[in-house]
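What follows is a pair of complexes built around chain A, which joins chain B in one and chain C in the other.
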Partner chain A sequence: MSADFGLDLAVLDRDGALEEARAGLSRRSFFVGVAAGAGGLLLYRGTDAPAQTAADIDVLNYALVLEYLQAAFYTEAEQAKAIKGRAGEAASTVGAVERAHVKAFLDALGSKAVKRPQFDFQGVTEEPRAFLKTAVAFEDLAVAAYKGEAPKLQTPAIITTALGIHTVEARHAAWMRYLYGIRPAVNAFDEPRTRPEINKIVRETGFVTSTPQTRSSQAPRYTG
Partner chain B sequence: MSARRATAAGLLCGAAVGVAAAALVTGGSAGGAAPATPALPGLPAPAGQGLAIPRPRPLGPQDHVSQWAPVRRPLVARRRPAAGAARVTRLGLRTPEGTRNLVRVLGRRTGADRRVWVHVALAVLPNGSTAWVPRRALGAYEEVTTRLVIDTRTLRATLYDRGRRVFRTRVGIGRAESPTPRGDFYVRNRLERYRSPAYGPLAFGLSARSETLTDWPAGGYVGIHGTDRPDLVPGRISHGCIRLRNADIRRLGRLMPVGTPVRIR
Partner chain C sequence: MRDGPAAAPTRGNGPTRADLLKRGGLAAAGGVAGAAVLTHAGGVFAAPSAAQEQRVLNLLLLVERTEDAFYRQALAQAGLSGDMQEYAEVVADHERAHRKALEDALGSAAEKEPSFDFGGAVKSPEAFAKAAASLEDIAVAAYNGQAGNVGKDAFLLAARIVSVEARHAAWIRSIAGRDPAPDAVDQPKTEKQIRAALRQIGVQA
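Up next is the complex of A and B:
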């Protein structure tokens, strides 16, 4: 991770980029869906897809949630059109890739896929420096997460795919680091992150939120 | 092996490695067909891909996408994107129906204070009011691809999704003394399973407010709802609300999410 540059998500949470994020929001547990998905594991075989073991499905769902997070982040940035120039170009390119990852996981998991959580990026997709800082943190986090999960995968073909995505995330990390103005690669060895570590970091950002309550059974008092 | 044969074997080997390296370097275009993986003697064949990774998926057209956001904390909406700008209104967390208060997002700008401000449509009088609010006072952006058009001349409601008409029906609107306000509004909430037959089985609350019944309980908000008098629809028969027959409001309820922009013309 990038703790040497003060850019991991835990630090982002402290330094004010995510201020005012938490109060009053009941957040859905980020990986509740993953736990549920892993609980009733049956072997799933999509059309022409290699057999997936229970462990594979668990990891794929976990990765899917991280991909949801990244795809939502870049999509919101692109929609807001507040990130200009090379960073905006990177947001569009990386966002398109993250959406492809989401689709790949959804196609592979079929009915076993966890639902997309609700995300609230609290304006960081609209502030260029905050955007890049968060992008660096997300990409580094994804790289560390894939590394942490890889040993749990059992089907060789899925390991191949996971490694393929892992290297793409590493390229994204380097790209965002370069744009943010820090050296893309300084470590001789990147540490993996465990699932509890990743969950804790993401939960603490406040980026995962609950759907606002817009329905009620109260009798209307409209003018009629 | 003679020296000449050894040299030739070495060259062939080197050429093979070179070709393999070239294949690795040139074959990996993003989104293209998967490059042929070079087989190296003595190593097992690599496993194929376990998932079909599609091409990168560019963001589609946004022409029909509208955004809304819930109010995260009570705030003062201002005339310009600046903390010292004139106050337009104060926004609370809840609607009179107890649902989360929300605003329609019209745009955004970084203010002179370097904070992001969001231009929003409000559910206040005068109808059609807009203002600027700090981004961090709002929650997550939500999207809809639907929009509803109420034509007060033809007494028709038409729902579009991504620009395509998906629903149309006849409606009842306000009488001459309590007209349905015209303008651009949005759906603020959805009420159902209440016991109030006059409103039918389902009611949507709009950001529109009656301009004549300003002392109506809870502020005189205009809704779109069912009715216990289907015989009056279509017609100019309400206090400003838009009434649909119950089967129609149920059908609309399956198609129209909260946050949908509503144009009453």
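Up next is the complex of A and C:
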């Protein structure tokens, strides 16, 4: 599997699927989903970015912080070189995907993007069992978070991609669970989690050592 | 699929789609995150016509019925053991629950169930693993492709199901030694593509 994931993305919407996916949504958007351009994963392309509402920006920034967290975690594990075998390969592959997600959100948000927090993973990136256990927690959390946030998005442009990322996080969750030796899919339905729930869980890990401030004073902080 | 976002709801007498979804107890669970945030007027959830939403839910029901039949037949005939048997047992239960949720949501608007012929795919562990991975990937693409074509209650139900389908896909791919998550973003498929893929797997016309 390539480490540079962005270059592996197929050119999309050859068949109109993205068009159909948003057919029931507003047609004002220029969004064509994710596309493989020179820069890799894009949230949209076109001469004009889709108009983002304050709600969109808020959700995108929230998702960005979760992607920052995951990308930093896998990248640190990859660089530490202490996770071997299938788990090590998974760390490299998933890390590349999470970095692609970060870049997509940064590109979409431009100057409105929140800054990357500081993380301290307290050594879990160097111990195989702790690494996998943490990966499972992060991925399950991401699935629940995207599910909770996606309905808040107001731009059809962005929601289709958010859902496609949501199911990739679910694949990652199942993958890490399989490697850890626990059931990849426990319940018939995955439930969403609210921001306060997500924030509480993240805060309790102690992995985030500095918190970004979003631009809007009304927007919740990443950790409260 | 193209009734259009601005089409006014054309519900007749009787319960609305939302009522049916709630009757299934489904909207309630999704409401944790949904109820408070889905109220903005003119948001992403344009009101679909009842006919459009029924069509989408029937497509997703076809996916679930196909999965349900596939796993039941495989458990009876494929000679599964170990990891793969555990996978098939757990996933069969999930698909049955998904199927029931969609049947409850559709009520009398649910289409008649087709017959299935999965051929060799339910006759050996190797063929089963390959077909199961295809079927789960199809399910993910089907749900992701229809997200914009339903109202908010159906959206919330679909969101709670689709990530479980993605987990199934990654699980069987892991067992089979394949890449569990080959893309950075899962791509949607059109209704036409989904129906064609399901026919190829074993849905009879």
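Here, the second predicted complex is superposed on the first by the 161 of 224 C-alpha atoms of A that agree within 3 Å, B and C clash if a C-alpha of one lies under 4 Å from a C-alpha of the other, contacts with A are read in each partner's own complex, and residues count from 1 in each chain.
The rule is simple: a residue touches a chain if its C-beta (ideal position, glycine included) is under 8 Å from a C-beta of that chain, and two chains touch if they have at least 3 such contacts.
What you are looking at is a predicted structure, and each value in this text was computed from that prediction instead of being measured.
Contact with chain B, but none with chain C, is seen for A:T209 once the two complexes are overlaid on the shared chain. Within the superposed three-chain model, A:I159 lies in touch with chain B and with chain C [touch as defined at top]. Of the two partner chains, chain C is the only one that A:V143 touches; chain B does not reach it. Of the two partner chains placed around the shared chain by superposition, chain C is the only one that A:A170 touches, whereas chain B remains out of contact. When the shared chain is aligned, chain C comes close enough to touch A:A188, but chain B does not. By the touch criterion stated above, A:Q118 is placed in contact with chain B alone, chain C being left untouched. When the two structures are aligned on the shared chain, A:E126 is found in touch with chain B, with no touch to chain C. Once the two complexes are overlaid on the shared chain, A:V97 sits against chain B and chain C alike. When the two complexes are superposed on chain A, the residues of chain A that touch both chain B and chain C are 20, 23-25, 93, 97, 100-101, 155-156, 159-161, 164-165. Across the complex, chain B is touched by residues 19-20, 23-25, 48-50, 52, 75-76, 78-80, 82, 92-93, 95-97, 99-101, 103-105, 107-108, 118-123, 126-127, 155-162, 164-165, 209, 212-224 of chain A. Residues 1-5, 29-30, 32-34, 37-38, 40, 43-46, 48, 52, 90-91, 93-94, 97-98, 101, 140-141, 144-150, 152, 155-156, 159-171, 174-175, 179-181, 183-191, 193 of chain C are the ones touching chain A in the complex. Put simply, chain B touches chain A in their complex at residues 30-31, 46-59, 62, 65, 67, 70, 72-73, 96-100, 102, 108, 110, 116, 135-136, 139-142, 174, 178, 188-196, 198-199, 203, 205, 210, 213, 216-218, 220-223, 225, 238-241, 258-259. On the side of chain A, the complex with chain C involves touching residues 1, 5-6, 9-10, 12, 15-18, 20-27, 33-34, 41, 55, 93-94, 97, 100-101, 143, 147-156, 159-161, 163-175, 178-179, 183-185, 187-194.
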